[in-house]
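These are the structures, in structure tokens.
Both of the next two complexes hold chain A, though its partner changes from chain B to chain C.
Moving on to the complex of A and B:
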């Protein structure tokens, strides 16, 4: 209860600072009102593009809101792209990571490739993806997969190689063999690394998708990045900031929904839970 | 030792004085025929006999920046990286209203007409109702043709939002529209000359609707420039008025110059037929009727790009 209260006070102060600071800077002509929107205008933008059933026309007449649910639809377009690409990255990345960890040849080839490509910002894949796939969903998917895959491979490899050999030897002394060792010993022991690799993969995928959406128009769906860039074209900074807030919210939500359960589970398993 | 110190001092002074004397004007324009004044200005600058430089005096350097469409140019103006620009009326209005009238002034008109809606030549778009579910491209979100297209579609009863709607309005760079239209991935394009003529001549497009009397281009200045160098703005405007009169009086020479400018700008030869085809669609004039702009504000509001309107008197005041 006290923690929620502290957080609420903090954010209320932040918004108040934004409001009054901006107001002062605009009134004294130090900031252009176009470039820094007020928190009210951002809130209004968010409201009118989510739940508002009606909006007022400039002459004060209410009319049905064409943009209702717009942000949810755009967020869904973006999140769908992200989840699909991310899942493919995971499904391909974890086995590849096991392979590079246990097989010398794979480590010398695939491992080096993964290390190299992981260092390449995945937004660099956007231009070739556009040429190969056109302005399509496949191009977006490719960029997201490239963002996820390599960091998952590397994290899994590190995780498996860091498994204490004593665990494996102890298990083998007790009669564990083959797949059983993998499932019951290596995987659980490597899990903390794998989960942090998944988190990193998520972060890379999210960043590359946003970059791609901002500078490429995909004909089959308008995501959040597209709307953000629209705001820029219209000199509508409240739209730009509003979309940024939505992106932050999705990031927080993903952390809470996707990763927090895993991390709690790990803490319990390793006895590090508070 | 002493000598070299004097030398350094002298050099520093010389450089300082020199830098203080030179004034750089940063001017935006688009490589379109509807920006003929900007094309002639930038081309003559490139050829070292700048039309504007000759009328602004030896201390002034003009730097020309080409943009694809208005929102980009207004963004540069608002963020202080551009002083003057040729631009369509909608982005100028948008910037004026969004800045509460504090940042932008219209100095003069430049061109009317030259914008049109082109559809595929096969006739599958014969009447407004046929546009349902089709793809229509515009130069950039919120530019003059984009707003015109959205307002026109709304008037035909279609529901359009920023992410889609009953007709897909797709902001696409002019240069990309042509191949997309040629390969049939776009059904219609709302754009300006020379792209209208190129779509007609090179992609078998048909003019569906022509905006003959609509304002296409105006000359705008940042308020910052009007505050710091009002006399320079006056001189630039006068040179612009003179150039507009010259364009109207010397059709053949003007067309040749615009053609040369387009060729140099786009790095590919512009045909004489192209310029000849486009020219009669345009009218170069320095007049702007405030009433025309008021109508455009209403259009921008009707498509949801602008909410609050403010009086336009300061836009034309010519004063900061």
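Moving on to the complex of A and C:
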């Protein structure tokens, strides 16, 4: 309760500072009112592109809002790309990590490849993806998968190699073999590493997807990145800032929904710091 | 089972360790001869305690019997079958508790039970509850492992090893981290379980009195290289009390012998 209150006060102060600071700078002609939008105009943009059923024309006549739900649709386009690619990266990455951890040949080949490609900023995959797949969903998916995959592979590999051998021996004496040992012992024992790899993969995928969406118009759907760039084209700063806020919100939400449950589990079981 | 096995005398050896040697890093510079030509027979239903100085190969011998490691030389068998891999009939309780941190106390006990075929899930959880209660942890079933004290962890590990009802129990200093009171209670429980369920137990300890309290036989190890030196038969009625005078007499004798071996094996210590 107290923490929520503190956070609320902090953000209220931030918005107030923005409002009055901008007001002062605009009045003294140091900042352009167009380039630095007021919090109110950003709020209006967000409202008119989400819930507002009607908008007022400049002459004050209400008319139906054609842009209603626009931001939700754009966010869905982006999040869908992200989740799908992320899931593919995860489902492929964990077994590949197992493989590189346990098979020397795989470590010397795939492991080195993963290490190299993980160091490559995943935005670099945008140009080749566009050439290979054109301006399509596949190109976006490819970029996201490349952002996720290598981090997950490397984290899983590290995790598996750090599993206390005693756990495996104990499981063996209890009759665990082969796949059962992998699923019920090695995977959970490596979980702290895998979760941190998942977080890193998510961060890489999210960044590279945004870059890709800003960089190129994808014909099959306008995502948040497109709208951000569109705001620049229109010189509509309230749109640019508004979209940035939406992107921040999605990042926070992902943390809460995707990672907080895992981290709580790790905290509860391993006793690690939250 | 063949007819011959069926009519074999009941005292046939359950575990046979024959001339077993084991070294670590055999090609490296710091080669360690952990065990040299160890020979040991454990009868069905026997309770054998292994005592010896730190690093003399007691844990190594248990690992070999468990099938977790292979000997360099010699053979091991269980029920006449050579030991090649771990088997559910030989349950091991490790020196460190080796509990799984991703499961709670109950989950850890259930892990061994879930791998045992022929039980319904309801039966499994009943068995798990029973053994957690036996070790006095019925109120900690939902606790995470890191929330348990060292002694409590050992008790969960004991419950986990007992739960699938193995024929052979290999226990590596299981009670070292416990307080005296809990320990005495568990001495009683272990002797009872051993007698009631006809288990064969190989038990490693540093505590000579503990060995005399639990074992039919106490086997003395010496170090560098790890060897079996001497063995003592403990002919005391059960259940035994660790504080009894007769038991103390045995312990004193074994202790004296242990010190003798120590002095003999490290001549530089006498100078």
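Please note the rule applied: the second predicted complex is superposed on the first by the 267 of 274 C-alpha atoms of A that agree within 3 Å, B and C clash if a C-alpha of one lies under 4 Å from a C-alpha of the other, contacts with A are read in each partner's own complex, and residues count from 1 in each chain.
FYI, a contact is a pair of C-beta atoms (placed from the backbone, for glycine too) under 8 Å apart; a residue touches a chain by one contact, two chains touch by 3 or more.
Remember, it's a predicted structure, so these values are computed and weren't measured experimentally.
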Touched partner set for A:183, first chain B, second chain C, both or neither: neither
First, second, both or neither for A:66, with chain B first and chain C second: first
Partner chain(s) touched by A:35 [first = chain B, second = chain C, both, neither]: first
First, second, both or neither for A:19, with chain B first and chain C second: neither
Touched partner set for A:74, first chain B, second chain C, both or neither: first
Contacts of A:256 with chain B and chain C, given as first, second, both or neither: neither
Which of chain B and chain C A:233 touches, first, second, both or neither: first
Touch list for chain A against partner chain C, complex: 166-167, 169-176, 180, 184-185, 188-189, 191, 268-271
Chain B residues within the chain A interface of the complex: 71-72, 74-75, 78-79, 94-95, 98-100, 102-103, 135, 140-142, 159-165, 168, 170-172, 301, 304-305, 307-309
In the complex with chain A, residue positions of chain C that touch it: 63, 66-68, 85-88, 90-92, 94, 96, 98, 100-104, 111-112, 115-116, 144-147, 160, 164
Of chain A, residues touching chain B in the complex: 29, 32-35, 57-58, 66-67, 70, 73-74, 217, 219, 221-222, 226-227, 230, 232-236
